[in-house]
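Structures for review follow.
In what follows, subunit A forms one complex with subunit B and a second complex with subunit C.
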Partner chain A sequence: MPVQALSTMTDKAKVEISIDGVTYEVNAGSNLLQECLSLGLDLPYFCWHPCMGSVGACRQCAVKQYRDEEDSAGIMTMACMTPVQPGARISIEDQQAKAFRAGVIESLMISHPHDCPVCEEGGECHLQDMTLMSGHNYRRYDKKKVTHRNQYLGPFINHEMNRCITCYRCVRFYNEYAGGEDLSAQAAHHFTYFGRHREGTLESEFSGNLVEVCPTGVFTDKVFSENYTRKWDLQTAPSICAGCGVGCNIAPGERYGELRRVVNRYHSELNGYFICDRGRFGTGYVNDAERLKTPLDGADKELDAAAAQRQLCEIAGSDGGTIGIGSPRAGNEANFALRKLVGEENFHAGYSDAEHACMQLIAEAASDPRFHNPSIREIEQADAVLVLGEDVTNTAPRVALALRQSVHNKALELADGANIPRWQDAAVRELAQQERSPLSIFACGATRLDDVASDRVIDTPSALARNAFELAHRIDSDAPSGGGGVDALARIADQLLAARRPLIVAGASGGDIDLIKAAVNVAGALRKRRGNGGASPVDLCLLTAEVNSMGLHLMTRPENSLGAALRKLSSGEAANVIVLENDLYRRAPHAGVDAALAAAGQTAALDLLPNRTTAKADLVLPVTAFSEQQTSYVNYEGRAQLAYQVHRSHSAARPAWQWTGGFEHFRRALLDCADSIPAFAKLGDVLPDTSNLPNGIKVPRQSERYSGRTAMKANLNVHEPKQTQDPESALAFSMEGVPPRRDATILASSWAPQWNSNQSISKFQDEINGPLRQGHGGTLLLEKRSESGEYHPLPAKVDGAGLELLPALQIFGSEELSSRSEAIRARMTGAYVAISPADAQRHGLQQGQGVTLSGAGGVTATALTCIRTQMSAGAVALYVGDAEIDFHGLFHGLGARVELAPAEAPEGRGLGELIVSDLARGRDYV
Partner chain B sequence: MSTKTEQLIASTAVSTDYLLDAEIAEIEHERTLYPDTRAVGLEALKIVQKHRGWVSDESLLAVAEYLGLPAAELEGVATFFNLIYRRPVGRNVILYCKSVSCWIMGCDQVKEKISGELGIDYGETSADGEFTLIPVPCLGDCDRAPVMMVGPDLHRNLDRKNLGEIFANYRDRQD
Partner chain C sequence: MFRLIKDTLLSQAVTLWGVFRKLFVKADTVQYPDEQPYMFPRWRGRIILSRDPDGEERCVACNLCAVACPVDCIALQKAETEDGRWYPEFFRINFSRCIMCGFCEEACPTNAIQLTPDFEMAEYVRQDMVWEKEDLLIDGVGKYHDYNFYRVAGKQVAGKDKGEALNEAEPVDVRSLLP
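Then we have the complex of A and B:
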């Protein structure tokens, strides 16, 4: 019999099994279902999920298993629960097995409504696929169906319980994988209900994944529902989420010129199967009516493109010098084109000065061979974690989800010891109970990972830094001591030293450079104690704040901070300024921005939505949104990834690199960037290998079933317009070309015969959870250089009156563009000050009351009081929301302090949408 | 102050003193018997039900908060077991077996009689608030079928004639 070796992975033991008389080589230790799917065989399933393992709940993946060659009767067994045994003989095609699977579907379908034509899942429904595959096509059950009441689950998710087939995937994802607490399985047998205790917004930051995890239409995308299009009618391209510095892979879908929805796009090293709700629901701004559509002059008069281009060239070339301010939310090409226009010496960073300083340290650590900046998948492998200051759930949510998986490693270790396969999910969890790998959090208050934390150190920012320095000292006595230190330090140090793969996490979002220094010291100390000879580098995950913070950093000189740019303008050293996709008022003290823009001769701003900076510009150029252009971004790891254009912009907006760089083609802009800046030398690798696309054949953005191509504009003109050409990429705005099959070059939306749902992704993997055949994982840009080996000295203690200020960041609201999307706005709170009960009492503040903050230099702001029982005394965290608060005026640097006084509560949003575990109640602060 | 903020503050208003001292004492006793608080959830619901007859939303939230368990999780427990009552029940709960032995011995006819006498079907409470009728799969007394429980008492060999007397006894009982 032929041996079909379909897997290229060599590091796992292989065994031979026989499936329907054919011998295959499969991974030992795995289960039959997973291996059948890896082999590309069609075996129906519901409750199994590639990322969540087996529970054997749905009985759908039944196969026949035979004892030996003599055995012709066999026994029925659930493939997902059956370990692979060498020489195993199974049959998928056996008539009894087929009849069994059809019977299971029939019983699951007893109460399922016949509402596919009006169901959002229709056409990409795993239940539809599996029903067809099993052969069940006629309902014999003629009794009354069980019906349920649906719940309001907030602005993101629709609930339609009648469609439920009780596979339990939703609660397994929501509770066990994502740590949510407000969704549960209720009642029993045919009344089983999946919902909240009572109606209300689903609290988890990852609730949107229910849309993809549910095999049918119980949980659907509410935002998409309101403007719905079938999967096959969406124009789709591979894209990158611009919501934070992780760079999750997404597949946005467009119809009629509008971005309709975002779904996860599988990436084996980064996001895997899941993205966060900011990424999924935060792109509504692309369709915003307020989008800048034409170039405007200072008097808001519309300009034609040529005149605008001329004016931009005049500004750039005028006497007195012109500086450019880049943007961490714009791609590499846009930033590079501006840098090229104004010259490297005149190109400045577009993030705050505090973040600028953090970025220098992050890049330094990234090039240090002692450390490794781990991917999401590597983060999941950590068996002892230390989070320093970064509020990961709100700044890089997908990393928080990965950290939550890391604590499960203890359970997997116990399972290994008890000889339980790791994929036996329920058994592994039952065995481990509350046993978790250590995860220690240093924070100024409660975080959304506290429920899985082994130790929490809660204190003011300066005290946290001292404790973290002291921790490094406890690990290696050569590291500078922070003095004193809390009791938990000894335990945390032991855990990190004992770990097989320890991980230190910090980040730039809070602008706290001392904690990044401390993180480097702790990781350095660990590296030293673990020995240099042959030992692998220590995982040090330093998170960047925005989608292209790292890309912007790599092309900006260290001295060219935003503050330096504003000073150049104010002092007259530079006459004009071109601001790329940036609202400077979010980045720097308002007084400084006002002074700089007032002193500037000419200000040009390129952006996609009007903001406080474009309002002051003499020339405003509209630019395309992330889905309307092709661009590359560099994530926190230094991974450059290409985001393809999904759809065209129908306004005069252009990619910024066209306005400023004069590049005709994207490829030219990207390659010029790669050639000009050494750090970007490998950027060209992100371009797809088009060698299997001969003669200019392209990959279609539209499915083979794309409907209405000739009719969708018939209300305007009955003549069918010519298909728009795409000279910029290997994709076409068309149904024609090489469709994304298993060996395709580019994969946006996966589809395979009989597999219309997202579960078809297994058809593109050589091995479940393995890399895609396409292999477009991005390109790691950062080279390791020599190690410094030096410890950062303990920062000087800054004393002062008042409370230490730090930023409070929210997944829904703290990112500029997503916070302008309607769905996200429905989840935003008003500006607030998080404060401890003791400090609130001292300042006479009540929950929900107004409070005025006063900082050095007379800067003040008003927000709502948010008393949190876990907040550290002596510190306050300010969330600015979309209020026009001068945060950087107050937060002039680490150790900034503010005075508080009760005030009239500001108008606008309240605190109703705030989801925190420690909101003080009456008895906590009265 | 915005309405939403007011709602928020209202929703976090202190619900102290909801649980009775006796309830808390019994819950604390159960807590000593289990290694994990989550295991106490079901016992706590039974304790509250014993004192109050049923588990209201307020009771469920109070228990969840007292034990530090997510309300959704506790709701899952409360609704899984059909002897935790999430709606008010009468002073006496009739658990009526409709499993196979009782069926053979004519429980359907007896049930008709009960329904006629009390004016209630399964899941309903009599107008005078005395009786709630709930079907159960088996009471483990098949050799004396049909059987039912009224409150804590098992009644065997039911027939259409002895029902009136049984119910009258419970109506008269003062407790």
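Then we have the complex of A and C:
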């Protein structure tokens, strides 16, 4: 075989190759397996993964390759390890190749345990598909099967090691891709075992992806298993994860009126093949027995829908003015309908004032042509990253996973230089060893990305801001100096300037406006220094906290903060208030909320679960959860995406836009929003193109093999009810219609003949890792306006006694709705105060002991002491979780300080489930 | 002329002969229900859920019968015991839809669902044609006497540890490097 110089994957040159006598045009520089799959050919494989490249471990993708037309013997070669060469001649159908593949799978199956009927993977199992495709039927081997003991891997994942075929995908994902450290390949030869060093919860925030990465049933979804349904029985629709501001695409599945599980839905620009565990396991609240089911009045008496609607209209139309408080976790239509009901001037943001201020800056930066707001795919391409203050793993986990990939760009660069194709995963990693692209983190303590960080600046929030301002100054001397600065700044500045595609990350979750200003300064300085010669905008990723924070911001006037709303109510400037999907006690100081609600004449609250705000409301209206309604959300990039309704709500709950807006149809609400608010002008584009669905034919939510149609409800009545109609969308609650793999523009659950597993996604992609043929990637709403070019001035130094307070956020617990899901609650810790060993000693605090925080205005809170060795002295981070702590009373703004004193430990959860790298252990701390 | 005779007279004569002959044959009519007909064991009639030889429920709620059913008249929900056995939390067959095709029995990997020679399932009220697990589950093995899925499958359940299923070796000690 002639050895030719191999081009890289980025090289999109096309070459012609011949497969089974047919000539195809394929991407040069790729490998044969990837190109065969891109062409839609059926070639079995196990260890290859579109996102993780090739290692050639399983030998399943063997094909015949021929030298030239004369060559009839050919050689057997592994398609995933063979680069595409111009004029290559290969055969998939060759008898020898087929026999080889059948032989390989027969040996892989030697110890497979004959338990498909009791395996959660059954019916969507890549191993089942490949076995069938390769033609292996009966076990001929008459020796004993190798067996393994399973491990307890925590509340999310089940382990059944007997099913393993040692493809190594799990450890490649978990360790190499997601940076987990507690899963490994153990033992040797045919005894290879994949598990933890000892039983315990899998620590990675992305462990749920093992369920989808494992080609068989070694790792299965434990939460789903408790309420199990086969894939073909799940009613599925394309949806958007409501767990954070990233807006990952998900495919929730429903059966018997319950939301059963969530799996990743491929999006080429955003989440790709992976989502985080909050998104996957955090939707149990939809099925919660405590869900609000009927409208209630102030005395908790049930109202009928018409009476409730009338009462809401009365509240909205009564004298004295009515305030509407929107919600960052409600969709655009719900917020818009409320805004329309109370008027734009009375519509207030539903997030905290600190976040409100951050959102103004974030939107300003997003419309600045100097900056580009990168998608996840673009974040992965950064070759120098600066993270300012944001604890990305806990606030936007999928972005953290992308940042982890960005450090791999150094390895890819080295591989290009050494003529190693980028998809040769093991070779690329071997070549790079510990060489990584720079990733610098400014934080108040250890973060979960520290293991790949090149530099860390750990200090108090105010000192971090000064350092970050100084960094901008070091890059461009016109930027205001922060004074002083740590040694690493010079190195970080050089790295960012030298980078081909630098990226600055900050976010609103911590409410730290100074660091967002600093991020804008750094990005602006970079842009200026790199700007000459029409260089592209600098990547500035400013993360929003919740699923629709950006959408809510675009609807709200800058002066209409939550604090302003509460003041208007307390002062009597407004009489009534309508609260949309929001627990105000999580957003503002409790004293302020109490005063406002006490002063308000009438309070109406629309929500799905009871909370402290609904408890005080005079009218409570139940609303549908994300999977029970169609709605659009705007993510951190300003990308509007449509989440379809998956299943019906079986209570009196309605979408909020129906309660408040009186809209008959969703489409009307969405288009009215697009017409009324200039920022949403392009919102209408999220609606699917239905021109190829003639005569009202729809896209089915149910698979062709949806079972039990005539028996599911037969216990209630043997006469089957009419199929529920869906006048709201292009989807039908039915198994009839145009299936996604034909012409439909909507893809919920991927399935293709012979490909029952999620690997069937390749049948829907343009090419491997390309956009979906059916896909609708969402619509970018934010338009670039004129640049300001101004630097933010250095914030004034706030001094005071006590320790600087900042929020500590946890992937499991900090998001309001997911923290009410049983699975997430199993991983939550009690409220804690993260503190440095020095400060703990000074205050006489010990690990796990109770501690009382007291802030300005006499606000106090009690939490557990969590001594972290990497925590910056002078700062404490308070994690609230589901404890009723007046966080915003303590954290009244940046530079808020608290005093600490030992106290009785609060009842409830301890710190057992806390997963951090720097928890202080040993006798000194207990 | 010959044709006319063949088509009419001869044909009638043959028919009459046939009828005459039957006068001396035992009648086929069965006095059902006083007399019960012999039903062949593989007759596809009333569906039951059977138990394995150890008396445990055979059904593992794998859903294959439901998906094989051409009229979609089977609905069930998987549940799991403490020790890892799968079983149906409910198992419902809508016999008013069932066409007794036997696909469910063919699909069943554990021989749990079986069609029996009983066909006496008429009801006055259609709602009574909906049978739940309590109605379907019998206390025997049905047609298949020996099969016990969990003795073959590698899944660990109470009374059968890892390595104790058919053709299984002792669980591996992952810390050993011996061949």
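Throughout what follows, the second predicted complex is superposed on the first by the 906 of 926 C-alpha atoms of A that agree within 3 Å, B and C clash if a C-alpha of one lies under 4 Å from a C-alpha of the other, contacts with A are read in each partner's own complex, and residues count from 1 in each chain.
Everything that follows uses one rule, which is that contacts are C-beta pairs under 8 Å (C-beta built on N, C-alpha and C of every residue); 3 or more make two chains touch, one makes a residue touch a chain.
Note that this is a predicted model, so its numbers are computed, not measured.
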Contacts of A:D675 with subunit B and subunit C, given as first, second, both or neither: neither
Partner chain(s) touched by A:L911 [first = subunit B, second = subunit C, both, neither]: first
A:E430 touches, of subunit B and subunit C: first, second, both or neither? neither
Partner chain(s) touched by A:A711 [first = subunit B, second = subunit C, both, neither]: second
Contacts of A:Y256 with subunit B and subunit C, given as first, second, both or neither: second
Subunit B versus subunit C as contact partner of A:E160, first or second or both or neither: second
Dominant toucher of subunit A (residue count), subunit B or subunit C: C
Partner chain(s) touched by A:Q186 [first = subunit B, second = subunit C, both, neither]: both
Doubly contacted subunit A residues - partners subunit C and subunit B: 186-188, 193
Contact footprint of subunit A on subunit B as seen in their complex: 1-9, 12-14, 16, 36, 57, 60-61, 70-76, 79-80, 82
For the subunit A and subunit B complex, residues of the former touching the latter: 175, 181-188, 193, 196-198, 433-434, 830, 847-849, 864, 905, 907-914, 919-923
Complex contacts: residues of subunit A adjacent to subunit C: 112-118, 122-123, 142-150, 160, 162-163, 186-189, 191, 193, 195, 225-226, 228-230, 232-233, 256, 705-712, 714-715, 717-719
Complex interface listing, subunit C residues touching subunit A: 60, 62-64, 66-67, 69, 71-78, 80, 85-86, 90, 92-94, 96-97, 109-110, 126-127, 129-130, 132, 149, 152-156, 162-163, 165-172, 174-177, 179
